[in-house]
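A short write-up of the structure that comes next.
Letters A, B, C and D mark the chains in the order given here, with residues in each chain numbered from 1 onward.
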Amino acid sequence: MIEDIMNMLFNGILNGAVLALISLGYSLVYGVGGIMNMAHGAYFMLTGYLLLWGMRIFPGMLFLTVIFVIIIITIIGGLTYILLIKPLQDTHVGVVLITFGLAFLIEQWILIVSGTTSASINDYVLFPGTTEFLGYSMFNQYIFFIIASLVIVSLFALFISKSKLGKSIRAVSQDREAAVLMGINANRVLLYTVMISAFLAAIAASLYLPGAALTGPGMGWTYLTSSFAVIILGGMGSLVGSVVGGYIMGFVTSFTSIFLPNGPSWAHVVPLIVILIVLIIRPRGLFGKKKLR
Amino acid sequence: MLEMKKIYHYYGKARALEEINLKIEEKALDVVIGPNGAGKSTLLRVISGLEEPDRGKIEFLGERIDGLKPHKITKKGISHCPERRRLFYDMTVEDNLKMGAYVQKNRSIYNKQLEFIFELFPRLKERRKQRAGTLSGGEQQMLAIARSLLSNPKLLLMDEPSLGLAPKVKKKIFEAIEQIKNEGTTTLLVEQDAVLAMEVGETIHLLEEGKIEMRGTSEELKREPRIKKVYLGI
Amino acid sequence: MLKNEIEEKVKQFPTYLKSWVKTFLGGLTLFCIISLIALPFLSQNQNFTHVFLRQFTLAMIFSIFAASWDLLTGISGQISFGHAIFFGIAGYICAYLISYQNFPPWIAIFIGAIGAVFFGLIIGIPCLRLRGPYLALGTLAFSLVLLKLFLMGSLSDVLFGSEGISDYRIQISDNPVVEYIIILMFMIVSFITIIQVSKSKFGTILKSIRDDEVSADASGINTTRFKVYAFMLSALFAGIAGACYATYVGAVNPTGNFGATISFYAILMASLGGLTTIRGSALGAFFFIFLEYSLIVAGAEIYVNLIFALILIVVVRFSEHGILKPILERIKDLWDLLLGR
Amino acid sequence: MEKNAKRIIAIVVVAAIIVGGGLTAYFLLLAPEAGQYVWSANDAPGAPAGISSSQIIKIGCAGDTGEIQGDANYEGAWFAAKTINQAGGVVVNGTTYYVGVTREDTDESNTQLVTSRGIAAAERLVYNKKVQFGVGGFRSEALLAYQEVFMDNKIIFIDTGAATDIFCDNVANFYERYQYFFRWMPINSTSLGGEILTTLAGYVMALNTTYPNHDVKQVGILAEDLTWTGSLIAAIQSYLSLFTNFWVQLLTPILYDISLDAADMNTHLQTLASQGCDFLIPVISAQGGILMMQQYDQYHYPFQIFGIDVQSQLDTFWGDSGDACAYETVMQTLHRTNKTTKSIAFWDAFRAQFGHDPLYIAIGAYDAVNGIIDAINATQSFDALDIIPEFESWTKSNPNPGVSGGGAWWPGTHDLVEGYPYGYTLWCQWRDDGTKVVVPAPRWAYVGALGYAIPISDLYPATLATGAYEVAPWVNTAWS
């Protein structure tokens, strides 16, 4: 029993940590620009593949490869905004479609280059081995990832509440027009937010995937829908909500998986049902403050 | 200082502004009055760049500013205090003020301006750490004005500062406006409450259905029978 | 009173039709319909009737589906990312009735579409509390729940599992020409209905809800009820398309009928053609299906999706109203030139 | 004037486009035989140049182009055609024929399956390319839809990849329509379940004597929650219930949603470990396998892995998994061993041709094409109704073994006969140096009348084995 509970807690946190990092960026972009960036999951997936290829080409320079890949993804995020999102900002459906097109494009490109076969980037595990705690053994890479995720989330919170850019991001997300009147270049702030969100996704991927594996180019969609679910739960545009929502989703998944009959096959349905219930009872989510648009 | 020449603006097919000619002198306090939906707010939005005029020319200090992005116009020294305050409600009063000084890189000017504002609205100084959303309506309006003053503007545009306030508070706000004017900031005020507006305003413009129907000093306009009947209720 | 009105309309109909045909759009539409009807009789070549024509049938099915999405999202402004719900459920009902209850396909399609309407009702009501992106994600979540439930091996006794239902009897006709004609009739009827609905008073109300729900509410329109109607009406046509698709394929399975791809097909086709134009959906569907077909014939099958993604990006980026409006304008210019106007 | 000139130019251009388009449409689509695929020597590898279309036996491959399963199917068929053609083709009624293969993309490996694409591919094979035989299939739900096109046209279709029982049930129940369907690969789900359990029982028996201090008993199942795994697990359970509380005990099977990620896999493996699992039977065809092996490698769980992991059948899995699959034992149709006399030669030639091991689908397709040619040779006819009786004559007593050892069908269902020496699978284990060996497959079964389990005949003779079964060092430590 104690092992089951440990199992639930650890995997809930693990799941939550990755969801929180991905949804944080996603939610940020939605909050600031009202933009649903469908390519967000693709950034996550692309990071994994770039890491895999990078490691094969430069086997000795893992650390540099990681940094390089994160920079590339951040730049891709910026380009997405400049080339695709910015010209279409006013049409909701347009942005959704074009970023969907981009995600699809990236997926298909990788599919052509490497096929659907899974691959592992196991060789880039920074902390191999396991640690035992209360009779439950935990993979060191995951422990590192959970800690890193917490640190990144706190640093991000600090950044958003204290720095000038962070404050202008908050200003734009609360009232874009007023922020513009203060002399803030809203488009540039949006550019930065999309880049930050891509950066967060890239960090999450480069820390989590070495312990996971690349399960095919379609994996981006899984993470995209999960982060959809998380931000609905937490409240769209709410940063606290996306972190809390991510952990709640993580725990619901691992709880279902371990304690409910037929749990493993329901593990990804129950969170969706929770989302539907939340949507119907409290459409703005747990932490959503804004009125529905 | 600011000159609008033959400005036209449309929302879709509906005409919002028609042949607006407006000239504001340095250190003046101009007021635009008019009924609801006459295009008063649109006028200010066109100046601050939130809406691009469909035709016409706007010059500020001899430079064309129409077509510029609003944040560029703010940098040129026009500050727009928008209708319904539009504060950053989830941020503290202090952060709101900091946002107001976003374009102001000079620390000493910022401090001087801050001092002036706290003198003007001592209440804000007490509530510096409070979230803007928790302020009362009057305080929020004060904050909105203070925020737009912090960029140390050459021209201040104010949209309905008295909206939804109790008469007592209204009066306070208008006193502050006069004080701001006395400090030497050129101001363009849009106001529905014609009585109050005429008290502070030097030049009054009457805007009806997108056109400027009448203009003159407040004394001149007060004598007009139509103004008397419709706007002053005498 | 109402009877008189209808009589009046019926009496006026020939004149209306005449004047409509004379307009550019009317003439073009009529030309397209006549060409579509004539098409299957042009050749006996099996490669034409059994391969090429089948692609037309598929395109027509997706036209109906995309148009139904356009009715819900373009006209009424209720963004749906989970339109496959209606598509899939109608297909499953249809396949189940044919395969397990020995229903004739005609009736099965009809009942399938009714089933979809029922689903439109039960999904529409809770989703009414949601607006904009929330509604989009809510419908997406709904379709994912359905997809996962249908996929589940442990529920396969009830929901047929990952392999779905397959039966050689799930088809309208084994002659592709007959199938083509029947689907064409479905398509014409669906499009006329959807276009008329969007032009009618009902459509105007839906559009006013889309543009400004608060003021529509204020002017005394029961927005809730109309939104449910919109859901049900859209579900009806999505259901017809879904049931037709089930008979076209001859089988149903969770991913193929409930998958997110299906929902996105509707969105892609309708927006490629042009949102709110209804007719654009047909153009988008034909464009998509035949682009795919010609790429496969050209031997570039693994690049199909890549090229499609590129085209989607380019079209959405550079043409706000999809491809229908620009194409119509070009044709009209050409037509005017030909007539010497 | 200028306007009129423009108008005339426009009229001419439009007329030219209409006439040109019409003519193109006519010659590409409408004219009799238009757009028909023309078979040439290019489609018949190894055949002499210049042979005519009528000299080609037309075989269509249905599979997903660009994915390992579809490519394997084509590789197998292509390689068979090449071998046959190089050997001089096949002589039917005095004319020499050569084998031609062509492929169409059914898109069935795509997780976001679009069923109509498979249908369109089958239609192109049948109506445009006029194939005489079909070979392929992998995803059950896709094949279920597009097999109908072949059945409609009474074309023999040989399944080389889909394991569900429903196909052969169709043959049994609607023989008139589905008699054209045969399955050469793989063994159906139910029989696979039996093979897994009886062999596992053999190993458990042997290991219990090796490790006197540890009771090797608990068996866990980790499977995708899909229909094909359902019947397989049901089969395992029906066998296991016999052994319960005797010396094999079943833990609750874990059926997971196929969209799982690392945290889910971690949850499942930890659950199994905490329940004291000794043997884990994976029933996995998709990406779950790589996650499982990666975590197994990191955590060094104290249990052995012994089951079905489709991706692990390929030699490339060692590199793909980052060397994490050591000590995994998987079912595999063929490895470099003397399963039949042709097996090793085929294995080496295939590797020389393509540079990688053949997937089970490739072996199935290779055998299927060879089988078709054998039947044509025997009947001297291309008529499906002549060939079907010939196929049906290949029974247990009269098999036509290919490289995989199959070539015998159950009467009535057209399903592959299971069991040595017909259709059986090998058990292959990964070594920690990245090589894979065939391990012996001793089998035990419980005999109710006796009240205890006895050894029954091995799944295949021990001579086929190329190495001994190894217990992972960390499991060894845990069990000692």
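By definition in this document, a contact is a pair of C-beta atoms (placed from the backbone, for glycine too) under 8 Å apart; a residue touches a chain by one contact, two chains touch by 3 or more.
Bear in mind the structure is a predicted one, so any value in this text is a computation, not a measurement.
More C-beta pairs in contact connect the chains of A-D than those of the other pair, out of A-B and A-D.
With chains reduced to the mean position of their C-alpha atoms, the one farthest from chain A is B.
With centres taken as mean C-alpha coordinates, the chain found closest to the middle of all protein C-alpha atoms is A. Separating the centre of chain A from that of chain B, both taken as means of CA atoms, is a distance of 42 Å.
If each chain is reduced to the centroid of its CA atoms, chain B and chain C end up 51 Å from each other. Look at where the CA atoms of chain A average out and do the same for chain D: the two points lie 37 Å apart.
Averaged C-alpha coordinates put the centre of chain B at 76 Å from the centre of chain D. Residue positions 66, 111-112, 225, 255, 257 of chain D are each in touch with at least two other chains.
Annotation for chain A: residues 111-112, 262, 265-266, 268-269 touch two or more other chains. Counting partner chains per residue, chain C shows two or more touched chains at residues 148, 152-154, 260, 302.
Applying the touch criterion to all chain pairs gives A-B, A-C, A-D, C-D. Looking at the complex, you find that chain A touches chain C at residues 30, 36, 84, 87-88, 91-94, 96-98, 100-102, 104-105, 108-109, 111-112, 221, 225, 228-229, 232, 236, 262, 265-266, 268-269, 272-273, 275-276, 279-280, 283-284, 292-293. Chain contact summary for the complex, chain C toward chain A: residues 73, 79, 126, 129-134, 136-138, 140-142, 144-145, 148-149, 152-154, 260, 264, 267-268, 271, 275, 302-303, 305-306, 308-310, 312-313, 316-317, 320. Across the complex, chain D meets chain A through its residues 66-68, 109-112, 225, 254-257, 259-264, 266-268, 270-271, 274, 286-287, 289-291, 294-295, 297-300, 311, 316, 320-324. Listed in rising order, the residues of chain A touching chain B in the complex are 167-168, 170-171, 174-175, 177-186, 289. For chain A in complex with chain D, the touching residues are 3-4, 7-8, 10-11, 14-15, 18, 111-112, 115-123, 125, 128-130, 136-137, 139, 141-142, 208, 211-213, 215-216, 218-219, 222, 250, 253-254, 257-258, 262, 264-269.
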